[in-house]
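Look at the two complexes coming up: chain A is in both, with chain B in one and chain C in the other.
What follows is the complex of A and B.
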């Protein structure tokens, strides 16, 4: 039923596609995470001049499809002479840059909301305690709010990371040869549906489970305090004191 | 019980094969796969209406055969697989008859034949030999004889494989490619004659791929009855002037496969 020679023969192409997919995912997630921490702090700020622009940004980006955002950057900007004449065109003419920019802008919006939500969920007592110790606002964020918010955001952020991984398939529409594009080319050249899309599904499965596994490990390490402590009985706790 | 069930199964199988046999050679209903991104052969209006030479030829064949036709829009890279999984029965999408494709599908007689051409900014290239295109980026539609031709002969150049023919000219004007390789008619009629094609020109002579095999209608392997019907309809519309009338709608030159 399955023509294994097609699968084996196209494996090098699939691995090349995997490299593109992984690289796109890594640079998009990394830049998105870096940008979204300050943006999340601005988003929960009581100062409307800080909070409102970030609200508008996440609102617009989360309200439009990623495919449209990528098309505006890749196809749309190429139509504007002003951009084509500028130095920035050296970047925008590269499909890589366009895909990275679109993905980073998109994941930043979602991650900002995730971290902002975790910041808002900080127990009031912790903030009051920090203030009563005379901590400055900066210290409050650095030592109390952000460390616990980033931990609390982990489970939600893992969803965003897996979603982003699946979304990288959209890069195949702007000439990048990622996993999905390799599958479509194998399909077109060998007319082998199961071989092409079955193989790529296995690749995505392994990627998804690896990502989830990494986040599980991270949660075990950084969210230890939220797990039920079954191995410690009250009596032990007393003795330990 | 068991043998009764077996009898029933046999009967059902026989019934199915009888109806299949009874329907297939009639071809009163034909579903035709078209592409829509290959003006002036095939294009989609903002309203969603399909038009173009491919579309008119498909409709003319159906009228000739007195068959009821449904046009099915399909993206280029899934065209042959979709035919083979019976999403439709024939492809009328400017598909060049090639040896590679003949391994997967059968073709009708050619219904038009036009060469390929290089297009670039006017004056950018004197000719389009592998030497003069060394290190340059060539835009060409993926999974096509043209892409194969470029891959085989222009090893010193970079290739930008695009997903549809119109993207060749879009990437060219955007500056993402230095030169485009496409259908002479698409580049001539849908690009160079349009405002966006201003300042661009054809480079070098016309290129005939596939030894002038032309463009045919693809059908599933073994659907000989359908192929014969399509071939006879093609002959009829070429003889009765319908073909010329349709071609004149789009072209001021001869695109017929039999021209000298």
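What follows is the complex of A and C.
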């Protein structure tokens, strides 16, 4: 029932699509993570002039579909003459640039909230202790708050990373030939449903579980102190000696 | 003129989007409840089937799944119909969209509902059974009312993700708000106006949803004391 020649014949296309998907994911996640750390610090700041704009940004972005955001950037910005006549137009006419920008803006909003939540969960005593030692605010963030908050954010961030990987499928709507686009093309050329969408499902599936695996390793490394302790009975302790 | 005279057309599209969202939600809840019941049941086969369902769905992007169900479901259905000697059936985009979104988010709801049921102390159900209630009575009087409270945060999250996912149905050709905005943008060459309007409408829907659902949560949490950190 499955025409394997179609699957094998289109594998090179699928691997090319995989490359596009992975590259999009990597640049979006990297820029998103980089931006969200300072934004999260601003988000929890007691200064409303810092906190409120970031709140508004994450609220608007998280309240609207990524597809709409991408269309605003890719199709909408072309309407503004000011952009069309500036140097930036060379960037905004590129689907690659628009997809990266939309994805980065989107994941930054979610990641900012994740890190801000982790920052808020810091035990108060740690801050008091750091202050009593005379640490400056900058040192406090660098040495105490951020290292532990970023660790605490890891499990939730892994969800965001997987979600972002799935969101890259939306890039297929603006002419980028990612995994999903390849599947649609293979379907259109061969009218082979199972071959086209079954193959792409396998690709995404492997990607999802590879990502989850990578984050498991990261958690094992950075959240070592939270791992459930293995039962050590007195007898074991004696033998260990 | 508001939106170059295309406001009524966009609002008509909004109606379609909302219909898709509400119907998908209903389907997702049915799949979610059935899935949760199966995951907590004693039947090994049922647990395995639902495990495969939730794992598969959560491992693949919604858009890819939507295309898969739209094209694949159509092919499968017609294969079966032809075999039975019937005639070719065209599955409407609306049906395909609603079924896909409902099926996909049913997987997420399964996990939410399962967690909510697990959050109810087991002793309560045992106690109810021991005073002679039937399983259905236990479900109606003990499990469901308390489960709602535990399920609301996850449910809210799923609903918000789902309402945003409805924007994707335009890709399989459904005449929703996005589709209408795209047509109007092409006709007027003012895409920014229309996509910004669509974004504002989605933002309004998510805002109202959050407000309403937090009130529901309060209602179902009456009599539950929150932990106070003082």
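Criterion: the second predicted complex is superposed on the first by the 230 of 241 C-alpha atoms of A that agree within 3 Å, B and C clash if a C-alpha of one lies under 4 Å from a C-alpha of the other, contacts with A are read in each partner's own complex, and residues count from 1 in each chain.
Operating definition for what follows: a residue touches a chain if its C-beta (ideal position, glycine included) is under 8 Å from a C-beta of that chain, and two chains touch if they have at least 3 such contacts.
Here the structure is a predicted model, which means the values were calculated and not measured.
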{"item": "Touching partner for A:134 - first (chain B), second (chain C), both, neither", "value": "neither"}
{"item": "Chain B versus chain C as contact partner of A:60, first or second or both or neither", "value": "second"}
{"item": "Chain B or chain C, by number of chain A residues touched", "value": "C"}
{"item": "Contacts of A:185 with chain B and chain C, given as first, second, both or neither", "value": "first"}
{"item": "Which superposed partner A:78 touches (first chain B, second chain C, both, neither)", "value": "both"}
{"item": "First, second, both or neither for A:193, with chain B first and chain C second", "value": "both"}
{"item": "Partner chain(s) touched by A:228 [first = chain B, second = chain C, both, neither]", "value": "neither"}
{"item": "Which of chain B and chain C A:204 touches, first, second, both or neither", "value": "second"}
{"item": "First (chain B), second (chain C), both or neither touched by A:173", "value": "both"}
{"item": "Partner chain(s) touched by A:48 [first = chain B, second = chain C, both, neither]", "value": "neither"}
{"item": "Shared contact residues on chain A - chain B and chain C", "value": "75, 78-79, 173, 184, 187, 193"}
{"item": "Of all residues in chain C, those that touch chain A in their complex", "value": "56, 58-64, 67-68, 71-72, 75, 160, 164-168, 170-171, 178, 181-182, 185, 189-193, 195-196, 198-199, 202-203, 206-207"}
{"item": "Of chain B, residues touching chain A in the complex", "value": "77-81, 84-85, 104, 142-143, 160-163, 170-171, 173-176"}
{"item": "Touching residues (chain side chain A, partner chain C) in the complex", "value": "60, 62-69, 71-72, 75-80, 165-170, 172-173, 179-180, 183-184, 187, 193-194, 197, 200-201, 204-205, 208-209"}
{"item": "Residue numbers on chain A that touch chain B, as the complex places them", "value": "75, 78-79, 84, 89, 93, 95, 173, 175, 177, 184-185, 187-189, 191, 193"}
